[in-house]
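Let me give you the structure first, and then I'll get to my questions.
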Amino acid sequence: MHDLGYARLDTDRLERTGDAEVVYGAGKTPTQVVELLRTLHETHPGHAVLATRLSTEAQEAVSAALPEAVVDPVGRTAVLGSAPALRGTVAVVAAGTSDAPVAAEAATTVGVFGAAVDLITDVGVSGLHRVLSVRERLAAADCLIVVAGMEGALPSVVGGLVGVPLVAVPTSVGYGASFGGVAALLGMLNSCAPGVTVVNIDNGFGAGVFAARVARRAAPTEVKTQ
Amino acid sequence: MHDLGYARLDTDRLERTGDAEVVYGAGKTPTQVVELLRTLHETHPGHAVLATRLSTEAQEAVSAALPEAVVDPVGRTAVLGSAPALRGTVAVVAAGTSDAPVAAEAATTVGVFGAAVDLITDVGVSGLHRVLSVRERLAAADCLIVVAGMEGALPSVVGGLVGVPLVAVPTSVGYGASFGGVAALLGMLNSCAPGVTVVNIDNGFGAGVFAARVARRAAPTEVKTQ
Amino acid sequence: MHDLGYARLDTDRLERTGDAEVVYGAGKTPTQVVELLRTLHETHPGHAVLATRLSTEAQEAVSAALPEAVVDPVGRTAVLGSAPALRGTVAVVAAGTSDAPVAAEAATTVGVFGAAVDLITDVGVSGLHRVLSVRERLAAADCLIVVAGMEGALPSVVGGLVGVPLVAVPTSVGYGASFGGVAALLGMLNSCAPGVTVVNIDNGFGAGVFAARVARRAAPTEVKTQ
Amino acid sequence: MHDLGYARLDTDRLERTGDAEVVYGAGKTPTQVVELLRTLHETHPGHAVLATRLSTEAQEAVSAALPEAVVDPVGRTAVLGSAPALRGTVAVVAAGTSDAPVAAEAATTVGVFGAAVDLITDVGVSGLHRVLSVRERLAAADCLIVVAGMEGALPSVVGGLVGVPLVAVPTSVGYGASFGGVAALLGMLNSCAPGVTVVNIDNGFGAGVFAARVARRAAPTEVKTQ
Amino acid sequence: MHDLGYARLDTDRLERTGDAEVVYGAGKTPTQVVELLRTLHETHPGHAVLATRLSTEAQEAVSAALPEAVVDPVGRTAVLGSAPALRGTVAVVAAGTSDAPVAAEAATTVGVFGAAVDLITDVGVSGLHRVLSVRERLAAADCLIVVAGMEGALPSVVGGLVGVPLVAVPTSVGYGASFGGVAALLGMLNSCAPGVTVVNIDNGFGAGVFAARVARRAAPTEVKTQ
Amino acid sequence: MHDLGYARLDTDRLERTGDAEVVYGAGKTPTQVVELLRTLHETHPGHAVLATRLSTEAQEAVSAALPEAVVDPVGRTAVLGSAPALRGTVAVVAAGTSDAPVAAEAATTVGVFGAAVDLITDVGVSGLHRVLSVRERLAAADCLIVVAGMEGALPSVVGGLVGVPLVAVPTSVGYGASFGGVAALLGMLNSCAPGVTVVNIDNGFGAGVFAARVARRAAPTEVKTQ
Amino acid sequence: MHDLGYARLDTDRLERTGDAEVVYGAGKTPTQVVELLRTLHETHPGHAVLATRLSTEAQEAVSAALPEAVVDPVGRTAVLGSAPALRGTVAVVAAGTSDAPVAAEAATTVGVFGAAVDLITDVGVSGLHRVLSVRERLAAADCLIVVAGMEGALPSVVGGLVGVPLVAVPTSVGYGASFGGVAALLGMLNSCAPGVTVVNIDNGFGAGVFAARVARRAAPTEVKTQ
Amino acid sequence: MHDLGYARLDTDRLERTGDAEVVYGAGKTPTQVVELLRTLHETHPGHAVLATRLSTEAQEAVSAALPEAVVDPVGRTAVLGSAPALRGTVAVVAAGTSDAPVAAEAATTVGVFGAAVDLITDVGVSGLHRVLSVRERLAAADCLIVVAGMEGALPSVVGGLVGVPLVAVPTSVGYGASFGGVAALLGMLNSCAPGVTVVNIDNGFGAGVFAARVARRAAPTEVKTQ
């Protein structure tokens, strides 16, 4: 364990669970984010380490202090360290353009946690031809992450098309009776397609960790290129 | 107005809105249901009159006292009087077998309020081929009633396939986080397909009244047979 | 389909559903709104195309870049292209002055989707004489859109006066136990007037699409002037 | 104070607040209800005493043990002792026939607490002519109790017609998104008519106590007959 | 009726209900507030007219344009015109210092609607001696307005002390599980003291209108001084 | 640990936390309850062991099979084994007669967990004199358990009178907007009296465990008699 | 597709998703359950087919009509047909004895969908030694199903111990503020352990389908014995 | 009682409950905070007095005007006056770094109310070794305050390890379905560990008052140093 005063890094987590701890940026200062990322990186020099939910200020601080870090302003993430060997593929499917930030957070997490990503965007259920046209790519994945706001119906449609394990991510996209993502969350929890599991609203990170673990186990051989 | 002591029938409603009052059977005794149906029928001899939400006891009382009434145990309705001339067609689409009672109430109401019905059942979104195979029938209708419980995703899928006016009916089918139909209700209110309107949970009657009015206006000529 | 990188326009929707896609402005940059509007317009030169939920900045960008567009700061919409032939009439009825933005969004949408509008404002239920004085106009419409916040009682009153198909739009006008429009939404879903359907809170656009479709079918002949 | 072992009667309440304590029958055995009514009556021989929310069994036990008691099976109340002199008039207005039990509880309470009652039933807002036809009786009352379920819109309509103090009682009549009376409760709390106050769902008793107090103060002279 | 373009003043309300319309300032521009106040005043020169929920900007605009208006920055109200003769007394009781704005709105409304006010502040239930010390003033009032946030217990305590009609106003004071005043609202709706009625969260105005009407009826003779 | 097939008794809990495990009777058959009680008693012969939430059938089975057990039909508990030495006193205060079952469960639990009980019932806040008359007993206790349903205001009143640690127990007593105890729960969580803590609705057991632990620590010397 | 009149079996699902359709017994008559099971079995003679949520009557009807079926009264399931070859292992972990029915439904589903089960029960978080003692078995599984009611904390504890993909199932075990499983559902959705996904309340079936799919992919070689 | 115009200080509370009143800073101006702190201090010169929920502006005003005050920017508190003799020890345990402000408020309150503090931070349940490593310190305390956001599972784990009285404080740390701390609140109310009590979301102050009272009673002898 590594004590920084304001936080104690769980540096043993890698050994315990196979994955390193992550810097959750919400509520942390840019300076703290930089320091935590650097410490994690030094502790696990052979692993890519990840920071999520970074404010614009924190993204800029990371870029300035750790120029080798890869910062993604859409998904609001930063990655430090060389990418791991990728085993298995996770298809990240997003219903609408507004769901892009959550899909990006999920995709980056999948990569850091060691699986390849196939990103498929803007395939909402009100235009079924868009979903149907990517059915082969869905079926080829080892795990699916399906991201949707509003009524959150996409996981039911996808889950009826293929038998790949599917993690649904409700987003807070919507207004009025979407109640900040609750409508999508309830829709996904009540999906009539069997085998759909759900994470918290906007939790692209959690879906990414889970899906990468599933994909890595499903495909022990390294994926050549992403 | 017709005063029966425990209720005053709004016998002027036909003139005011074009449609007769209806007997809402919930909370009424079988005797009251029979008396109200008979009184409505006598007041409007040229119209079919409708009773909804009938208990098994009330259905039996109506069958015994008014043998010319048509009683439907699935939709829990009774109709008394000759069917009106039917103008326009309403397609009533149900997602699952458990949604059958609400779909039946809607279909019977559509008929009493003067439109033809095309009933399409068991076309849930987790088996898209079922929806796609009826697209022609959906497109041919003057108005759609789409009935679904659980995540309530069917209206979004149907609403993306055709441009026919669509009334969605959430049902209380489900468990746990369906909250008695709330999940389906929220899903439908947040549909990403434009032009979807919604009625109360399990309110097949209200959807039927609305859809029949739309269909009658859309097709002033009588439909030959149902 | 038209791929702009950040969005794929569903340019086939017109053929599929009879109505063109619309630019939903929430969460989009002014530049994106302008580009999407222009692209839609070029794809459907014969149709008016619509953008909704525009920020002040987006409205200004549209006015500057597309001077032929009609921008409405009350309803926060922009329309580009010549108005379609109008068939049928939708009466848009608003309970209070605070409901004006939602009513305006609904009215503009009705026009773009091809029906004439009769706008009736400030007829709340606490002054019944105001509603009663417009009964003839209500009865003459092919479809009604009734917009109300707070307790959302206006659709029940209107629905008891005339038999025209009625779409209710709850607004987020109110405070405290209105819960951002939930009180009005629940009131409308539980309306004792038969044949009332409901859309999401503040969803003037959805009501407009639906009502225009109903009105167009009801009155196939073109309306002379709006 | 009078200690019965399972309850201590607050026999000083009459002196403190001007009104005697009441037997709330929910959760009490028939024997307890009889004993409590008898004790209250003996303590306040000059006052009518009231029991509410009586089960059928409790109603029968009261009728058997206290034959001079007046038992109302609709409102589920029992009254023991001679009626007080009545001062002022409360109009009890109910929207639908299903609201009758709550209206009856309110009306009986008003009488026991010393005001005359004018009972007006079945005047729902979807038939405005019914409300308008009783406007004179509404205006003549010293206080109004307006009872309604479903969307609970009647208080807004009545409150816009007359300036009499108005207590609204939401009822649990409805289904689906009425949530056991919550929709009516929210509707009444958000009424656009000024001067509407609200009590708990189905709380005819509380409304009756309040309205009788208002009416008695407004009309100190005794009303001749009820 | 008076049509200002953006609003139609219900200038007949005074005749219909005995009280003039009021300017609800939320969502209106300072210019609109000033114009509406002036128009109401000109229509009813003999009455005081009221504006509520005024922003700081609107308060300043009223002070500048209508120097004879009385503006209260605590209750965020403005009153224009000579005070009416006061009949009856309303005691306005507030639990904590944070409830002062709502109590002030209620008190000002009571005055404009024609009753005298006895303002009693900072008598929360966690210091019972404070409530007990004002019992005489409570008992002497014709109607009580009890304002409280957090758990909203004060109406139960006051309602057990005196038999005066009591209107409870929940406020949004609190945090966490107070849910913006919902805890206080529910507490008041479930009060164990009989005869408590409730208005919307922070609705001092509604309570004031109601209580003034009760007090005026209870005490037809004019109160000498406030 | 003791494995009974359908349950594994945590027989080490006594050593770990100082208190033995308890039989939670809800959802268990009468036979299981008897067997679990007997096993716990045999494991801890020197301690009284407790079963809670017993159905009538389970109470009868315990009485028949374990005649030395003390069964309380009000609190629905059974106690087996000799009472421990009592240290410290817990005052259990209940607002109304309907709260008696929860208060009884709390009182029995306090005794089994080793503290004396002072039971004070029927002291609701609408009759303050009842609370004030027991202030000395409240102040003399080492810990208070305050049980109330409906608006749950009693803890605020008691917590303002004395500085003794206070655990509040909301009960499901009430109807309508009490929402099965939620109103009381929220009231207690938002209490304006400092130092009030809360347990789950109807959780007399949990309050009893907590309060006994506090009282035992506060008064290490044995109480002579209960 | 196979049309039985009241239902259309999606007999193509096996080909589409790799898993056969399942009989969801809630709301179906015993006769319908038997007929559906038999038809599924005839369509897929080489697969085990499953029925869930069977009433006692339906279980008895299946046992009588299909004696080769394996009926589990705890999990309320029936399985017909020979078990598939098992690939991979799912550990099903239950927090308390009351969670047994949901755990049993999950375990049976896992087996029918082709993975081995390691069932671990009664390891609630209030006795951590119980969880810690099974850590090796948890780490050896290919996927975890963690079943818990009340506060639903077990997935967080397990998810911090091992890095195996984890599906959490909230159960409706609890009372009061558990709100029928909502507390556990929210707890699991907000788990601080990364990589936890969630299904609907009491949805052991859905978790079983998902986990079996993950386990089968992780361990393509057949497991020898269960 | 001390009347400052905008507030009346309950200066008798010390005598009534043994603890002085506290300045709740939310909604108060910096000037008011300073004046109230100074007045409390002058009234109780021998006691430390506390202000909570101070804005940055109020903290600066207190530092400037009352330089002897101890201001804590993390917990947003100010303390004026010499610390009391400390009796008993409260362990304040926080799950994550984001819970630090609430833990700090609790710790400062404990000190002002006369007990010693043992602060233990960053011991979330997803890293059990952290909790287990502090078990001795937990067992040595006289009362525990356990602070956690997200799923709020820490009190269940701690409550299963030791038998010390435990007050749980849910925090608003989290996003999406944490609903501002509701998930943690529900988790704590439904804890499977017996003897857990709960305070409002983010209410470190209330937990501190309660725990200090428990600790003082448990350990009447003064603690030497903190």
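As written, the chain order gives the labels A, B, C, D, E, F, G and H, with residue 1 at the start of each chain.
In the analysis below, contacts are C-beta pairs under 8 Å (C-beta built on N, C-alpha and C of every residue); 3 or more make two chains touch, one makes a residue touch a chain.
What you see is a predicted model, and the numbers here were worked out from it, not measured in a lab.
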{"item": "Contact-richer chain pair [A-C vs D-E]", "value": "D-E"}
{"item": "Chain separated most widely from chain C, comparing mean CA positions", "value": "F"}
{"item": "Geometric centre distance via CA averages, chain H-chain B, whole Å", "value": "58"}
{"item": "Centroid distance [mean C-alpha coordinates] between chain E and chain A, Å", "value": "52"}
{"item": "Averaged-CA centre spacing for the pair chain G and chain F, given as whole angstrom", "value": "37"}
{"item": "Centre distance in Å when chain A and chain G are each reduced to the mean of their C-alpha atoms", "value": "26"}
{"item": "In chain G, residues with contacts to at least two other chains", "value": "127, 160-161, 176-178, 182, 185, 189-190, 194, 200"}
{"item": "Chain-chain contacts as defined at top", "value": "A-B, A-C, A-G, A-H, B-C, B-D, B-G, C-D, C-E, D-E, D-F, E-F, E-H, F-G, F-H, G-H"}
{"item": "Complex contacts: residues of chain C adjacent to chain A", "value": "1, 6-8, 10, 12-13, 26-27, 170, 172, 180-182, 185, 200-203"}
{"item": "Contacting residues of chain E [partner chain D, same complex]", "value": "16-19, 22, 142-143, 160-167, 185, 189-190, 194-200, 205-207, 209-210, 213-214, 217-218"}
{"item": "Complex contact set, residues of chain C against chain E", "value": "97-98, 100, 121-122, 127, 129-130, 173, 175-178"}
{"item": "Chain E-facing residues of chain F, complex", "value": "95-96, 124-128, 132, 150-153, 156-157, 159-161, 174, 176-179, 182-184, 186-194"}
